[in-house]
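Two complexes follow with chain A in common, the first pairing it with chain B and the second with chain C.
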Partner chain A sequence: MKKVKIALMALILALLVAFPLFDSNLYHQQLMNQVFVNIIVVMGLNFITGLTGQMNLGTAGIFALGAYGSALTCTKLGTPVWLGFPIAIVIGFLIGRGLGYPSLRVKGVYLSLTTIGFSEVVRLILTNAIDFTGGSQGVQNIPFLNLFGFEFNTPFKIYYLYFALTIIMAIAAARIVSSKWGRVFKAIRDNSDAVEACGIDVANLKILAFTMAAVYGCIGGFLYTHMMGYINPTAFNQDLSVNYLVMMMIGGIGSVAGNILGAVMVTLLPEILRFMQNYYWLIFSIITLIFAVFLPYGIVSLFKKSERQERHFDIFHSIKKAREIWGGRIAK
Partner chain B sequence: MKKTMLESVLQLIVSGVAMGFIYALVGIEYTLVWNSTGLLNFSHDKFIMLSAYIFAGTFVIRMGLPPALGVLASLLVMFLFGVLVAVGIFNPLRSMASPIFAVMGTVVLGRIISELVRLIWGPIPFTLPNYLTGTYQIGNIIIGRVNVWIIVISSLLVASLQIFFKTTKTGKAMRCVQQNKKAATLMGIDVSKNIVFTIVLSSLVCTVIGMLVIPLFTVDTAMANMIGLKGFSSGVIGGFGYLPGVIAGGVFLGVLENFSTIVLPAVYKDCVGFVLMIIFLLVRPSGILGHRKNLR
Partner chain C sequence: MKKVETMSAHGATTISKSWFRKITALVMALCLTFSYGCAGNSQSSDVSGSPSTANSAAEQKFDGKITIGVSAGITGSIPMAGERTLQGVKMAVEEINAKGGVLGKELVIEVADDQSNQSVVINAVNKLASNPDVVAIIGPHLSGSVMAASDTLKKAKVPFLSQGTSPKLRTIGNEYLFKIRPCDAISAEVAAKYAVEDLGAKKVGISYNNNDFGVGGKGVIEAYLTKVGVPFVSEGHNSGDKDLTGQIMKLKNENVDVVISWTDDAESALTARQFYELNLNKPVITSTATSTQQVLDLIDEKAVEGFYSVCDFVITDPSEEVQDFAKRFKEKYGIAPDQYAGNNYSVTYLIADAITRAGKADREAIREALASTKDVSGLSGTYHADSNNELIHECKLVQIKSKVPQVIKTISVDVK
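Then we have the complex of A and B:
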C-alpha cells in the first residue's frame, strides 16, 4: 500500500514538473501558479479552521495585508523584491498575534464575525486610504521576483519557482500536522477543556495556530502580488475568504493532502465548467452545497478508513443520515 | 436657510435612527434563526436582495402590479421560498457535527441565490422610480418619506413579534426550542417543524426589509451586503439573541455612524460598525443591555 502511494506521488510530481513543457498555453500556466498560491493559503487556513476548529472567515484580510505589505514596500521604498518575503512573515506574525488574542475570548460563530469584521475593515482601509495604497486604482508595476539577476517574469519561469516553494511549504505543513503541535491542535478542536486539564497551555497554542495560519496566508499574498504585478482591493472581498473555506471543505478539513486536492479542484473546476457559460458558477455553487451537506469532511474522507470520525466520513453513512434528517425522523 | 447647531445634531440623529432601524430589523431577522436553530444564517443579506428583486423586478416593473399587491405577492413567494430552504437545507445542516459545516452551507446557499438572481434578472442594476420618494420637513429638519416608513413599519413589526413570542402558543414553543432542543422535544414540541416555521418567519422579515431599502440603494446583487454585515454588528453590540437589545444596538449603531462623519472622513463610516463589534466582542460580549448568559 505504501509503495503504491509513493509511486502515485512520484507520478503526480513528474506530471506536474512536465506540465508546462507540454502545455505552452500561458493562461493555463498562470492558472497553475494561482493553484500553488491557493494551496499555500489553504494549508494556512487549515491550521486554524481545520485543526483547531476555530472559524476564520477573514482569510481575504490576511491575504490582502500580505500582498499589499510586500507590494508597497518594493514600489514605494524601492527595496529589493525578496525583502517582501520576510516582511510578509513579519506581517503574518503580527496579524496572527492580533487575531489570535480575540480567539481566546470569543468562540465559534462569534469568532467568524470578528474575522469578517477584520477583513472588511482591511478592505475598506485599502480602498479609502488613497494616498498610501492607491485606493481602488490599486498598486501597479509591481516588480517580478528575481534571483541572482535571473528574473521570474513569465508564467513558465514562475511555475517552477512556485512549485518548489509550494512543495517546501506543504512538507512543512504536513510535518506540523503530524507533529506534537498538530495533535494538540486537533485535541483542542475536540475538547479544549480536556486539553487544559492535561496541563497544556491552550491559549498559547491557539495563538500559535493563528500565527502560523496568518504567516502562510501572508506568504500566499506575497507570491500572488509578484505573480500578478498589479493588485487592487476589489479582489480581496468576502467572496475570496469563502472561496478558501470552500477549498478546504471540498478537499478535506484537517488534512494537508485534502487541502491540496481542494485548492486544485476549486481553482480549476470553474475553468472546466466554463463551457456552461452563464450557468457555470451556479452549477459550481450547487456542487459545493451538495458537498457541504453530503460529504462534509471532503474528498479525502472517501479514501480514509481508519480514523475515529470515519463513520461521518463514509459517504454511504452521510447519505443515510441525510435521508433520515430529510425524512424528519431525527429531532435533536 | 442656515441650520443651527442643535438642528444639525437633530438631523443627524433622525437619519441615524432611521438607518438604525434597518440594522435592527436585519439583526432581529438573523437573531430569530440563531435562536431557534443555533445557526447563523450567513445568506440572510442574499434573502433581502432576492426579495427586493422579486418585488421590484418581477411584480412592479415586469408585471406592472400596484405596489400594495406587489407586497402581498412577494410575501407569498418568499414564504414558499422560506419553506423550501428550511426543509431542504437548514434542517439537515443543523444536525451537522461542527458549526463550520453549517456556516459553509449557508454561505454557499447565499452564492446560489445571488447567481440565480443574476441569471433571472440580469446583471444590470436598476431602481424603482416614484416608490417611497419625497421628504417631509419639520422645522429645519428634513426627513425622507422612506425613513418615516422604515421607522413606522419596523416598530410595528418588532412590537408584533414581541407579542407573538410572549402570548401565542407557537411563539412560546419557539422560545422553548431556543433554550433547550432536547427538553422541547420531550415536551412534545416538533423541533423540525418549529425550525421550518422560524426560517419562514425570518424570510418574511427579510422580504419586508428588502422592500423597505429599495429606495435607499439601487437594486443589484451586492445591495444588501453592507446592511447584512451591520445587522450582525448591531446584534453583537446590543446583546446577542435578545430582541430589545438588538433594536437598541441597531439604533445606537445607526446614530453613532452618522456622528462619526463629524470626526472621521465619510468613507470610513462603514468601519465604525465593525470596529465597534470587535471591541464589544472582546470587552463586553453581553452587549449594551447586558443580557447574555454565556458565549458558545
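Then we have the complex of A and C:
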C-alpha cells in the first residue's frame, strides 16, 4: 500500500514538473501559479481552523498584509525583492501574535467576528491610507522576484519557483501536522479542557497555531504580489477569506493532502466550467454544495477511514500522546 | 491495534457508510469527468453561443471567422454592466454579420467572465489572449481591472478597448490600451466648471467614493477649484456603505452652494436618497451613475429631481442614431439600453471598422488602425484617437426631470 502511494506521488510530481514544458499556454501556467499560492495559504489556515478548531475568517487580511508589506517595501524603498520573504515572515509573526491573544478570550462565533473585523480593518486602512498604500488605485509596477540576477518574469519561470516552494512548505506543514504540535492542536480542537488538565499550555499553543497560519498566509501574499505585479485593496475582501475556508472544507479539514486537493479544485473548477458561460458560477456553487453535504470532511475523507472513527480514535490518542510528551517534561 | 478494535465495534455502520461513500465518489467523479469532457469542446460551444452561427444559411457566405474577445463582469459586484455589455456587443455583431461581416469573414465573440475582481480578470484576459484567434478584446471595464490586466495584454500584444475612465490609466504607458469613454479628468472638470461658471457656486461640497474612480475624480475637481479660487469641502465614503448621514451633515453645516457627487451606482442612489431625506436642498452635479436607468430605478422621483449628471451616453439624447439604437435594443431585449450597452455596441462597430482599415485580422495591424482612428462616429460622440489612445473627447451634461435625463449641452474638449 505504501509503495503504491509513493509511486503515485512520484508520478504526480513528474507530471507537474513536465506540465509547463508540454503546455506553453500562459493562461494554464498562470492558473497553476495561482493554485500554488492558494495551496500555501490554505495549508496555513489549516493549522488554526482545521487542526486547532479556531474559526479564522481573517485570511484576506493576513494575505493582504503579506502582499502589501512586500510590495510597498520594494517599490517605496527600492530594497531587493527577495527581502520581501523575511518581511512577510516577520509580518506574519506579528499578526499571529496580535490575533492569537484575542483568541484566548473569545471563542466560536465571537472569534469569527474578531477575525472578520481584523481583515476589514486591514482592507479599509489599505483603501484609505492613500499616501502610503496608493489607496484604491493600488500599488503599480511591483517588480518580479529575482535570485542571483535571474529574474522570474514569465509564468513559466515563476511556475518552477513556486512549485518548489510549495513542495517545501507542504513537507513542512505535513511534518508539523504529525508532530507533537499537530497532535496538541487536534486535542485542543476536540477538548481543550482535557488538554489543559494534562498540564499543557493551551494559550501558548493557540498563539503558535495563529502565528503559523499568519506566516503561511503572508508568504502566500508575498508570492501573489510578485506574480501579479499590481495589487489593489478590492481583491482582499471577505469573499477571499471565505474562499480559502471553502478550499479547506472541500479538500479535507486537518489534512495537508486535503488542503492541496481543495486549493486545486476550488481554483481550477470555475475556470474549467467557463464553457458554461453565464451558468458556470451557478454550477460551481452547486458542486461545492454537493461536496459540503455529502463529504463534510472533504475529498480526502474518501481515501481515509471513516472520519468519525478517526476522530474518536484521535481524541484519546492525541491526548494520551500529548500527555506523554508534555507530561514528562512537566514532571521534571 | 486500537484502530482495529474500533473498526469491528462499528462494523455494521461502516459497511453501509462505505457503500454510500463509494456512490458519492462515483457521482462526483462523473461530474468532474463530464465537466472536463465538455471543457475540451469549449471552443465550439463558445462559438455556437455567439448569436451569429444561429443563422446557418448566412454562415455559408463567409470565408472564415474573426474572433473578438469580451471580458466582462457577468458575475461579481456589477453583473448588470456585464449583461448590458454582452447584449450591446452581440447586437452589433449580429448586425455586422447580416451586412456581410468584416473582410468577407464572419465576426464571432468569445466571452470570459472577469467577475470585476482583479485576480479573476487576469485569468479571463489570459484565457482570451491565449487563444490566437482573438484579435482584439473589449473590456475589462473597471479601471482597477485594466491596471491588473494591462501588463498581460501588453506582453500578449492584444489591443483592448476599455471603459475605464481613471486618469491614472493615462500614466501606465500601454499602447495596446484604448479608452472608449471620456477620461474622468475631462468629465470631472466639466462638472466643476459647470458648478462654478453656470451655477455660480461660492463654496463647493465634494462627496466622493474612496475607490479608484471617486478619488481620481475628486483630485481633478479639487485641482480645478483651487485654480479658480473657489473653496471646497471633501467628504469620502467607501463602496458598500449604507449610511452617509455623517458626511452629508458635514456638507450641510459647511454651507456649501453646490454639491458634486462622484461615486458608483449603488452609492449614487444612496447619496441622492439621503440628500433628500436630510433636506440638503442645493444643486447637485453627479458622475455618470445618476443618469443611468438602473440607478434611477433605485431612487424616488422627488429625491433626484433637478440633479445634473455628466455622462457620455444617454438614451434621451435626441440624436437620430441614439434614438434608433434605443428603439432596436428595446425591441430585441425588452429593456432600455444603458451606457454599457451603447458604448460597447459602438465599439464593436469601431473594431470592425479598424479591421477593415487594417485590411487583415492581425493584432498588431488592428492596434495601428485603432491608434489612427479619425472621425468615426459612435453613439457617444466621434471617435478620434489622441496620443493617449483616448477615443472620446466630449461629454454631455444632463438634468434629471421626472426621472428622465434631458441633455442640456454637449461639451467638447480639444484633441491633444
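The definition used in the following text is that the second predicted complex is superposed on the first by the 305 of 332 C-alpha atoms of A that agree within 3 Å, B and C clash if a C-alpha of one lies under 4 Å from a C-alpha of the other, contacts with A are read in each partner's own complex, and residues count from 1 in each chain.
Following the convention adopted for this analysis, a contact is a pair of C-beta atoms (placed from the backbone, for glycine too) under 8 Å apart; a residue touches a chain by one contact, two chains touch by 3 or more.
In this text, all values refer to a predicted model and were calculated from it rather than measured experimentally.
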Clash or fit: what happens to chain B and chain C when chain A is overlaid? clash
For A:278, select first, second, both or neither according to whether it touches chain B, chain C, the two together, or no partner. both
Name the contact category of A:109: first (chain B only), second (chain C only), both, or neither. first
Which of chain B and chain C A:124 touches, first, second, both or neither: both
Using the touch definition from the top, say if A:26 reaches chain B (first), chain C (second), both or neither. second
Scan A:180 for contacts with chain B and chain C and give back first, second, both or neither. neither
Would you sort A:55 into first (chain B), second (chain C), both or neither based on which partner it touches? first
A:3 contacts which: chain B (first), chain C (second), both, neither? neither
Which of the two partners, first being chain B and second being chain C, lies in contact with A:230: first, second, both, or neither? second
Output check: A:138 vs chain B and chain C. Expected answer is one of first, second, both, neither. What do you get? second
Listed stretches 150-158, 294-302 or 330-338 of chain C, narrowed to the one that overlaps chain B: 294-302
Show which residues of chain A both chain B and chain C reach, each in its own complex. 124, 127-128, 278, 281, 309, 312
Contact footprint of chain B on chain A as seen in their complex: 49, 53, 55, 57, 102, 105-110, 112-114, 116-118, 120-121, 124-125, 127-128, 238, 242, 245-246, 249, 253, 278-279, 281-282, 285-286, 288-289, 292-293, 296, 309, 312, 322, 325-326, 328, 330-332
Touching residues on chain C, where the partner in the complex is chain A: 2-3, 6-7, 10, 14, 17-18, 21, 24-25, 27-28, 31, 35-36, 38-39, 41-42, 45-46, 49, 74-75, 111-113, 117-119, 122-123, 126-127, 129-130, 144, 147-148, 150-152, 156, 166, 168, 172, 210-212, 214-216, 236, 238-239
Contacts from chain A onto chain C in the complex sit at residues 25-28, 30-31, 34, 124, 127-128, 130, 135-138, 140, 228-232, 234-235, 239, 269, 271-278, 280-281, 283, 287, 290-291, 294-295, 302, 305-306, 308-309, 312-313, 317
Please give the residue numbers of chain B that touch chain A in the complex, ascending. 40, 87-89, 91-101, 103-105, 107-109, 111-112, 115-116, 119, 181-182, 185, 190-192, 225, 229, 232-233, 236, 240, 265, 267-268, 270-271, 274-275, 277-278, 281-282, 285, 295-296
